[in-house]
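For clarity, chains are labelled A, B, C and D in written order, and residue numbers in each chain start from 1.
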Amino acid sequence: MAVSELVADLVVANRILFDQAVLDGFGHVSVRSADDPQRFLLARSMAAGLVGAEDIMEFDLEGAPVDARGRAVFLERFIHSEIYRARPEVQAVVHSHSPNLVPFGVTPAALRPLYHMTGFLGDGVPVFEIRKVAGEETNLLITDGRLGKALAETLGPRPAALMRGHGSVAVGGSLKQVVYRAIYMELNARLQSEAMRLGPVTYLTPGEAREGAAVNDRMLERPWELWKRQAMRNA
Amino acid sequence: MAVSELVADLVVANRILFDQAVLDGFGHVSVRSADDPQRFLLARSMAAGLVGAEDIMEFDLEGAPVDARGRAVFLERFIHSEIYRARPEVQAVVHSHSPNLVPFGVTPAALRPLYHMTGFLGDGVPVFEIRKVAGEETNLLITDGRLGKALAETLGPRPAALMRGHGSVAVGGSLKQVVYRAIYMELNARLQSEAMRLGPVTYLTPGEAREGAAVNDRMLERPWELWKRQAMRNA
Amino acid sequence: MAVSELVADLVVANRILFDQAVLDGFGHVSVRSADDPQRFLLARSMAAGLVGAEDIMEFDLEGAPVDARGRAVFLERFIHSEIYRARPEVQAVVHSHSPNLVPFGVTPAALRPLYHMTGFLGDGVPVFEIRKVAGEETNLLITDGRLGKALAETLGPRPAALMRGHGSVAVGGSLKQVVYRAIYMELNARLQSEAMRLGPVTYLTPGEAREGAAVNDRMLERPWELWKRQAMRNA
Amino acid sequence: MAVSELVADLVVANRILFDQAVLDGFGHVSVRSADDPQRFLLARSMAAGLVGAEDIMEFDLEGAPVDARGRAVFLERFIHSEIYRARPEVQAVVHSHSPNLVPFGVTPAALRPLYHMTGFLGDGVPVFEIRKVAGEETNLLITDGRLGKALAETLGPRPAALMRGHGSVAVGGSLKQVVYRAIYMELNARLQSEAMRLGPVTYLTPGEAREGAAVNDRMLERPWELWKRQAMRNA
């Protein structure tokens, strides 16, 4: 895929994640460069709902902009750089404060897949506690490589992690996959909260989670086309 | 009703169910053919919110497309084929993951009618557990005739069933009736969850359910016209 | 106020109550005639969101249309006729299935005012149980004068009543007041459910309810203008 | 900043707070005059969603309009005048009935920051009980300087207070800050209610709250631009 196509898809991903209420004025989505796996693309510091192709910047795996030209950069670009460094297979990363996930990050309740749409959560969703690596007086943000590395270690080989008192991160093998994951893990959180109040919940078995994820991974185009149409019409 | 009219109504049904948030990028609605009761109409594999008349395909009761012309088909078309086979009086089927119903499918809480709008739920809403027929390692989808038949058996003579870890199915004597049922059973789930938290709930008696369903079945045109207008304006 | 103005305001009331999600494809709003207190105006049987001036009909206090001209009428027009008969000061009536009120009608939880906006609920909100007057096999609808009279008796001198397994009714001294009441009692139900889960709730005292209602009754124009603008823009 | 710019920003603030559902037909936002710290700007009595530059009036710290020209004024302008008098550093004030905050005002549950976005709540959110200063028969409104002063005393040096049976107030060093605070404290209330149902909640430490607030205070432009674009497009 040419970089220009990747930029276009990254703009669409920004708009979709805003339109679907995963991102608001805060949070971001990135994609690994098609030209150089040591680089990734991310918007300048701005609201996702307003991002255009001209706002996309390139960064290296130190989180440094390749050609900043005076543009402000996200304080938390190290979430992206350190995950790309630790996970060579990851092609795209979303960091959000999507509202239904925040409560799972601040309580002992474990986020678990309750239907086939979220089978990708089957290996569990770890919670990153910044206090363990930086003490009790941080601003909770991932503002340097050391914190990004600690977050990547909590994430491990999984597709998603919660961040206590902050939000969450999702990763994927493509923009389409990470957008799907960010949207449906948010929805799973909402449905799980509701189900937990109705009674003991039957979650997916490990096999159901694995098979559910496999089948949905073959259908990422379908919701992407719908979300794209909606996001662009609402822009 | 001519097939062309049925196709037009099926497009409207797709758009309504998306606009009313019963369907998202996934789920589908079908109608039995007016020409041949051994056939039914269903969109090609795509998001309901984008379906047009040119996307409607015909299938037989084996779930095989009559004239595929290379178009991708839904993996779960067997939900439709096996229900049409088992229930000659059924004219339309909706399968969805509508969010308020999912929690009732994964907990022991029984979905029950709490107002006259959902009297059609009066005979209870069974839960299909795929593990009983296919074990604990499925992707939860109804991907062949055997699974479709098992689902149809759980449904029995009723208008709706939940599918554990997956979603739900509703059937009706017309597209207008099945759209009504899919929308209001989703709403009943939301209201019932809320009511259960307020205290012990007075549900409809069998007689109230039967009479409530009967009177609402005579008014299916009224909401259809409203939903159609909204769906087409928002398209 | 001339009848033509009243008709125009009744159309606006229909549109507002739909736009604010108090009415969906079902439910209705009426106003007593300016020319004859023994008559009232109500749309023909149709969804409130689609009502225009040409759809407004006149009824007498038996619930009979003055000049039907073949138009279908609401089965539940007797809610309106019997309340106008029993309450000479009432000028407008709303009947809805607004979703947050339904749970309070089917559980022992009492709807009570938790802020000044709903002081009008200070004398309590009775629940009409149709089983007491018509047994356990009704369709729950108010389909004749006898049932309408029983509902009006439960309502008594109050501004609102819940209807078990069905919905609610609100009355007012004007369309603007009844629209305000229908919208804010629905909101009070939502906030009260939430508050009851947080801990013991401090409700308004009788004096606070009375004074809160009095001050808000002087400001009915303000939200009406806003709601009207929104409803007409969204139409 | 010139007064004309301040008026333009105040109009935007009105529109944003309506578009973000913090204000409905009721509630208001003001800003201290750039020319005279003993004066502040506030719309005439009307719904925030409809406010234009021509609706902005000037008031002194007695709550008296400088040049009323017959325009109706808010009964509760004393919320603003007394806070500006008591808090010389405050430049902007929002009073709302935003729905998720009302339940926290009528129950013993304390509103507390559960993520970095609401670090500004770290010193606690006091609840103003009007009964303590004016008895049990008020209309709950802040209709004179004495009540405004009592509210300002409860607020003390903090950025926000709840008002029992009524709503809330937020203050800031600029319109952008107070709009941010009003929107995110409403969101915190929603997330906290949800989290409290999932299990014991880990709130921010005092240090996290302080540092979180500090970093977000440097990013107020970002959401403002987004909210402004949305509010103006939806107007």
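Going forward, contacts are C-beta pairs under 8 Å (C-beta built on N, C-alpha and C of every residue); 3 or more make two chains touch, one makes a residue touch a chain.
Values in this document were obtained by computation on a predicted structure and should not be read as measured data.
Under the contact definition stated at the top, no chain borders both subunit B and subunit C.
Under half of the residue numbers at the subunit A-subunit B interface are used by both copies of the sequence. Measuring from the averaged C-alpha position of subunit B to that of subunit D gives a distance of 46 Å. Annotation: 32 Å between the Cα-based centres of subunit C and subunit D. Residue positions of subunit C with contacts to 2 or more other chains are 197. Residues 24-26, 45-47, 49-50, 75, 97, 99-100, 102-109, 136-141, 164-167, 193, 196-197 of subunit C touch subunit B in their complex. On the side of subunit A, the complex with subunit B involves touching residues 114-117, 119, 187, 190-191, 194-195, 197-205, 207-208, 210-212, 214-215, 219, 222-223, 225-227, 229-230.
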